[in-house]
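Read the structure below first, then the notes.
Chains: A, B, C, D and E, in written order; residue numbering restarts at 1 for each.
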Amino acid sequence: MLSVRDLTVSIGAEAAPVDIVSGISFDIGKGEILGLVGESGCGKSMTSLAVMGLLPQPGPRVRGGRIELAGADVTALQPWQRVEAGHGRIAMIFQEPMTSLNPVRRIGDQIAEAVRVHDGVSGTAALARARELLELVRIPDAALQLSAYPHQLSGGQRQRIMIAIALACRPQVLIADEPTTALDVTIQIQILGLLRDLCNRLDMSILFITHDMGVIAQLADRVAVMYGGRIVETADVGALFNEPRHHYTRGLMDCMPARNLGVRRLPTIPGQAPRPGAIRIGCVFAPRCAAVQDVCQTAAPPRLVVGQGHEALCAFPLQGGRPL
Amino acid sequence: MSRASITLWLTPFLARPIALIGLGVLLAMVFAAAFAPWLAPYDPYAIEPMARLMPPDATHWFGTDQFGRDTLSRAIYSARMALLIGAGVVFFALATGIPVGVLSALFPRLGHVLMRIVDVLMAFPSLLLALGLIVILGPSVANSIIAIGAGYMTTTTRIIYGLTLRLRAETYVEAARSMGSGTGWLVFKHILPNLISPLLVQASFVFAFAQLGAASLDFLGLGAPPDIPSWGNMLAESRTFITRASWLLFFPGSLIVLTAFSLNLVGDALRDRLDPRFRDVFSGEG
Amino acid sequence: MSQTILQVDDLRTSFNVKRSGRKYRVQAVDGVSLSLVAGEVLGIVGESGCGKTTVGRSIVRLVKPDSGLIQFRGADVIGASGQALRDMRLNLRMVFQDPYASLNPRRSIGDSVAEAGDINKVFKSRADRAARIAETLSAVGLNPSFATRYPHELSGGQRQRAGIARAILPAPAVIIADEPVSALDVSVQAQVLNLMMDLREQLGLSMLFISHDIGVIGQISDRVAVMYMGRVVELADTRGILDRALHPYTQALMAAVPKPDPSQRIVGAVETGEPPSQFKRPTGCAYAARCPLVHSRCHAEVPALKPVAEGLRLAACHAL
Amino acid sequence: MWAFALKRAGATLVTLWAASVIIFAFIHVIPGDPIYVLLGDTATADQADRLRTELGLDEPIVLQYLQWAGRALSGDLGRSIFFQAPVAAVIADGAETSILLATMTMVWVVLIGVPIGTVAAMRHGTWLDQGLSGVAMLMASVPTFWVGLYLILIFAATLGWLPSSGYPSIFEGGLGNLRYLLLPSLTLAAPNAALILRLTRASMLDVAREDYVRTARAKGIRPWQVVTRHILRNALLTVVSAFGFTFAALMSEAVVTETVFALPGIGRLVVQSILRRDYPVIQGIILVIVVLYLVINLLVDLAYRFLDPRVELQ
Amino acid sequence: AGTLREATIGEPPPLDVMVTTADVATAIGRHMFETLYAWDSSYKSQPLLADSERLEDGGKTIVIKLREGVQFHNGKEMTAKDVVASMERWGKFGARGKLLMASATSVEATGKYEVTLKLSSPNGAWKNLVSDVNGGLAIYPEEIASKATGQPIEQKDYVGTGPYKFKEWRPNRYVELEKFAGYKPRKEKGDGFAGARVANFDAIRFIPVPDVGTRVSGVQAGDYDYAEMISGDLYDTLSKDKSVQVQRTNAPIFGLFFMNSKEGILKDNYKLRRAIQTALDKSQALRVSFGSKDLWKAEGSIVPKDTPWYSTAGIDGYSPHDPKKAKEMAKEAGYTGQPIRLLVSTNYQAHYDQAAVFTRQLADAGINVQMNVVDWATLIKMRGQPEQWDIFVTHHSFFPDPILFTFLNASYAGWWDTAEIKALRAELVNSSDQAARKATWDKIQALIYEQVPVMKVGDAYTYDIASPKLKGLNPNGPAFWNVSNK
């Protein structure tokens, strides 16, 4: 459905660009949920905004690569241009449900606005569709809530409204950038359930971004792990959790408290994540890697196939692998 | 200031040539004020009734006024008055605004009362306040400063109050309080240091608008005593010569505009340099 | 049994809040009783807004409670003054959630770390002060040269270390840690958690550890108090809670935690209900509206925290 | 809403009372004497003394205040010493000019400030933006009277397109008399429009960074729709709340403008009254200005509450 | 026909011309109120409401015959009763009434059209005193004059006999007078304020325009027909400007620097005062304050040339501009650089300009003057307090008899009341013989240059501008009867 090839997002001067996302590639199939995990600042949001055509202006820009939506090249298009070109069936929900809705407009209008753009209907028809969407995301008293303002709703409800707005675009692909991070676990589980359900019912693809391995484990079909602006490992969710092959993924798995119950000391990954653009040659993870070799410092690591649908960006993956 | 922080302060200027020009103008003004006696070709007070209202020429570049005084020399000396008024007003506004604003934010009960008074004062148009004060105190430079400063005291107080309220809610202030810090500690170690940059911005705007306020007072005949060279006085004294001797209005007027404009440019650049958190506090302000 | 170092009895704290021009009184903490034994870590978990932070802030006297009793080593905290107060302030110390906001951007790390000592005048000399700063920074795994740096030059993990360093200079007896690792990435989180456990062992600290992350709480604490809408609804040793939660709310909370194991998917299988409003507090049990075990009594009567089932476990539920 | 308005009215009264005390105290420390202004330079001392007594100006201040306040409560602002006419009537006449002037100015301010500010924000970072912002800053840096003098010189004395000064009431000469206010209102609008322009630009840029604007863009609506439906309205919240401020600034600058253009407004009236120590008029005008200020702020608040649903009318 | 619009320098105080001496009020008031006599263009008193007079008893009894058939604006005919009531009020409350009426023993209507005033001693200035509207004897109807107190009369009582009557006063906007249909002009030709008065306009509107630049551009743009008191420096330009005509007044005003005779460093120190005057070059000050040479004259005689009172006594001391000598004199006077406080207001630009020039010139002579610049209302208050100042600045308008000069009034700030002047003053007032009075005046002027209670700056001729369409402008000052459109 969505195919991203060698996407590079950069900031800074044209002459001396700093890559905050460097050459990442991934595909999401129909009805599939791809989880994108990684630590803060590794470039997850930039990836998702680039894919949406929503990079803030002026600021980061797409310096290279290609984004295809259902076969059409949409790399350089902003959402409204996509709609005009007939490739508008992609939508996004954001991390902060509190600030992502316009505080001075009724939620009905905010949903209907998206309906109008994508369905070409207006007035009552758009509002009727908005009501349907509210029901779809399981807001009780949908008809009533159409005329509510965002501040009158709870955080969980607002995030559902965001999902409803996204659904109004009848998306084939939904990008969710940390949609539950601001919510309590009890609400989070409901939103995750809703997304899974919608994905199944509407046969939607979802790019789900988070830094929470627990959430990934619960929701994703496949997972891409990001580090320092690169995707370092891609695998089916089961394989990733059971047999992580990149040293970074392995380290992440190990340091989760939930996997270390009763252990006196948590395993850690020494050092800290690099700043964007700080490492230009060699492997971005090399400075922190336990299995680092000389060559890692000087040559870009190869992308190796390490299993069925399982790739790692590492010269020396755990248990080895073979070139692509 | 460390070298790093100097570069930090300079970046907004380097990024904007026009702000750099503003800075240059201000420096020139300071220079003119400091070296006025050497720069001015004539005694700015020397009266020469036989050579009154001479248009600009080689001997008097800016012409002469109705007393036959050299306009250029007076314009140069006026930089002193501009700096004095600006600095004085800023000082007055800050010296009153900081204690009132900070204390009001730290002690809500006191603040409630003080801020209401500030509200009442804000309802008085600042120029009227200034006018009244001048008539009470009599026209003099010091009184002009007080009178104009009184108008800016209220807005400055409000801004400081708003900023301090925010700072008070900062976690690091909370941390200090949890360790038992007293008000003095909070104010001097946490609040004032963090107020410096926003106040610098506010100061530059107050400085700019004080120039215009002083000029208005001079225009109404209630500013600094008219023999003291100041651009506002020069304008006010010569406004009847608008057709007869337009240079008398042109030069001082342009200098006021240039100064206020430069200060605004600098203030703008400084504001951009600032933490964006403070942005909207100023947005109610000019 | 070892000695109780911090005792909280029937603590109630409320705030006036203005919403939409109307004034409300929010009962943030509604009768919380806790005790902290020397050397122990007591975890507090609960949903956002349930009053965890307010308990912590009440203990370090950042807010004035409406009523209740707080005792440190048997001495009253709320009414303390003078030397006794200074003593308590040095012994009851707080670590804050947001490592970015909790350090003054205009003060050097050294100045921030030494702040408690400066305020309470504990340093004998400049040299002594510098030595203590260096020593403390080393203790939290930071190079003493960090003393002259400013917060914006540090990473999130380093800042939180500095925050912890500030809390342990000079040696306190109790640390109240309010979500000290929530803002950190997992890998950094693990480092900081390890540090806190090390310090606890080396310095014999007692800790009130506030978090909404059951995983973190499970890792660090000896006992856990579960809060819901300003009250403690369950209090038990960590293993007990993790293995077999008794209160229906604790059960829901535990069930909702996403396990990092794709083979144990719970998504779509749990129903947790809507969170309550802070402004309209129900009579009776606050959880009644979401509770699967609800019966008429729950709406009428606030359940007391009472011993249930085995051993030392306490829970507040009419159904138990 | 009514409860809200009532509450505000109550607070307003307290403010007014405080203001009246301040005004009264303030005015009576002004040195000088209205008597000679009335009688002229050559009046004799005993003539002056007699008149002073007749006008009740030699009574104790507190007594004068109480008398004045008592009458003011029943709506009587007293008699002007200088005009020998009821203060209320004197002010009412000046108020027509000033309110029209202020209104026309505000219209300019909004018509110039908001659209140009919007354009500057939309072209953020381009030369157009820098140019517009620069011009705005320049406008804010020019002394009002200087602008006024040159406008008169150009448009009235030289070109003869517009009247130079004065303002005959529209109730006597019809709406055409508004042309008398054209130059003054433009003079007065210049600096204020500049401020509103900059404020509009700044708050548009701030709002443009908000998450919900990104949400709107993600929906696929066109950029200008994003601006009109999502950015502008929120940005105007800030701008509207600055109107109270602008009004106060306007009143200050009106003093100068009305003097330059010889407009019979309360700005000039108050300056003249201060100069001739016409205490009842000064008191009355300042009171009226304070009331206007409070009313404007009330309106701004109401508008704010109307525009922003988060602030509910109770 | 139509309305004539005049831009005045400011808002007038109440138009009760009997009590106020404010120039703006007079300029408006003289269109409504008339006096028994009026000055022609050479400042001689001619009968206006009076018809003729007769002096008896060596000048101690004055019998005035009134014109018959003069109508008040309220339709009533003016009779002796009205004049008597007006005289009584003037004597009690009028600004200048004391000068004549203090010595009055009785005022009576000795016929329907005849008034008899009895004085305890003759008054040589009586006719001039009743010829001026300014603080003068305007004739009000009896019922109004007899009720009136020291407070200015109310607008509804603005009832006079002039060619224009009061229409309305819009505070802050204008005062409007309208043509009085019942006015019967005198037979004599109009000359100055005297003679026939014909109202050619339906109405006159007096509009306050305080800023002089605005007054000028207003007349140029055609918004006003007439504007008064234009600054001297524009005289040359405006004289050439086709869009306006200039009208210079025929009688000068003169600036006065009063010395404090009651308190302070200048009290009784005539030598120091003379030193001060010696240091000055008054033509410099005049040039600065009035510009064009046509508008001023450095004249030492206090009353201008070509008048009966012109005198050269003492005028060597007028403007020597000799700083060296001044320095010496000051030293002899025991002056050692103490500050001399000069009180001046900025409300009158000329005052300030002159003060500034003098301060500068005195500094050259080592005399340390400190200007205290305040607003006019403050100055008036402060000058009443002798401890506040040493010199203050004001000006005086022309008056055809010296008796009215403020410096001869012992209670006027400055308080010049030495034994010498006391005697001379009595001499001047109590004689009606012109030659004797002139001799006294010479002595007074000499004394003024010796004791220097006040320094005259010089004569200045103010000028007004008008639309070129107007003709028949009055050289005595703004008065709009006999003025018409071309």
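The rule is simple: contacts are C-beta pairs under 8 Å (C-beta built on N, C-alpha and C of every residue); 3 or more make two chains touch, one makes a residue touch a chain.
Protein identities per chain, from UniProt: A = ABC transporter ATP-binding protein; B, D = ABC transporter permease; C = ATP-binding cassette domain-containing protein.
In this text, all values refer to a predicted model and were calculated from it rather than measured experimentally.
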Practice task
Using the touch definition up top, find the fewest steps from chain C to chain E.
Solution key: 2
Completion exercise
Note, CA centroid farthest from chain C's centroid sits on chain E
Exercise for the section: Calculate how many whole Å lie between the centre of chain C and the centre of chain D (ABC transporter permease), each centre taken as the average of the chain's C-alpha atoms. Expected result: 54
Completion exercise
Per the C-alpha centroid definition, the whole-Å distance linking chain A and chain E comes out as 91
Problem - Interchain centroid distance [CA atoms averaged], chain A/chain C, Å - result: 32
Problem - Residues within chain E bordering two or more other chains - result: 211, 213, 216, 347, 375, 378
Fill in the blank from the handout: The positions of chain D (ABC transporter permease) in contact with two or more other chains are 31-32, 149, 153, 157, 259, 275, 310
Exercise for the section: Please list all residues of chain B (ABC transporter permease) that touch 2 or more other chains. Expected result: 135, 239, 242-243
Handout entry: Residues of chain A defined as touching chain C within the complex
Key = 39-40, 154, 156, 184-190, 192-193, 196-197, 211-220, 237-238, 241, 251-253, 255-261, 264-269, 272-273
Handout entry: Contact set on chain D (ABC transporter permease) toward chain A in their complex
Key = 125, 209-212, 214-223, 229-230, 233-234, 237, 307-310
Handout entry: Complex contacts: residues of chain A adjacent to chain D (ABC transporter permease)
Key = 52, 54, 56, 58, 78-80, 82-83, 88, 91-92, 94, 96, 99-105, 110, 113-114, 117-118, 149, 151, 162, 165-166, 168-169
Problem - Interfacial residue positions of chain E with respect to chain D (ABC transporter permease) in the complex - result: 7, 10-11, 13-14, 19-23, 25, 93, 95-96, 98, 134-135, 149-152, 154-155, 169-174, 207-211, 213-218, 220-223, 347, 375-378, 380-382, 384, 394, 406, 409, 411-412
Exercise for the section: Would you pull the chain B (ABC transporter permease) residues touching chain E in the complex into a rising list? Expected result: 45-47, 49-50, 52-53, 66-68, 135, 138-139, 221-222, 225-227, 239-245
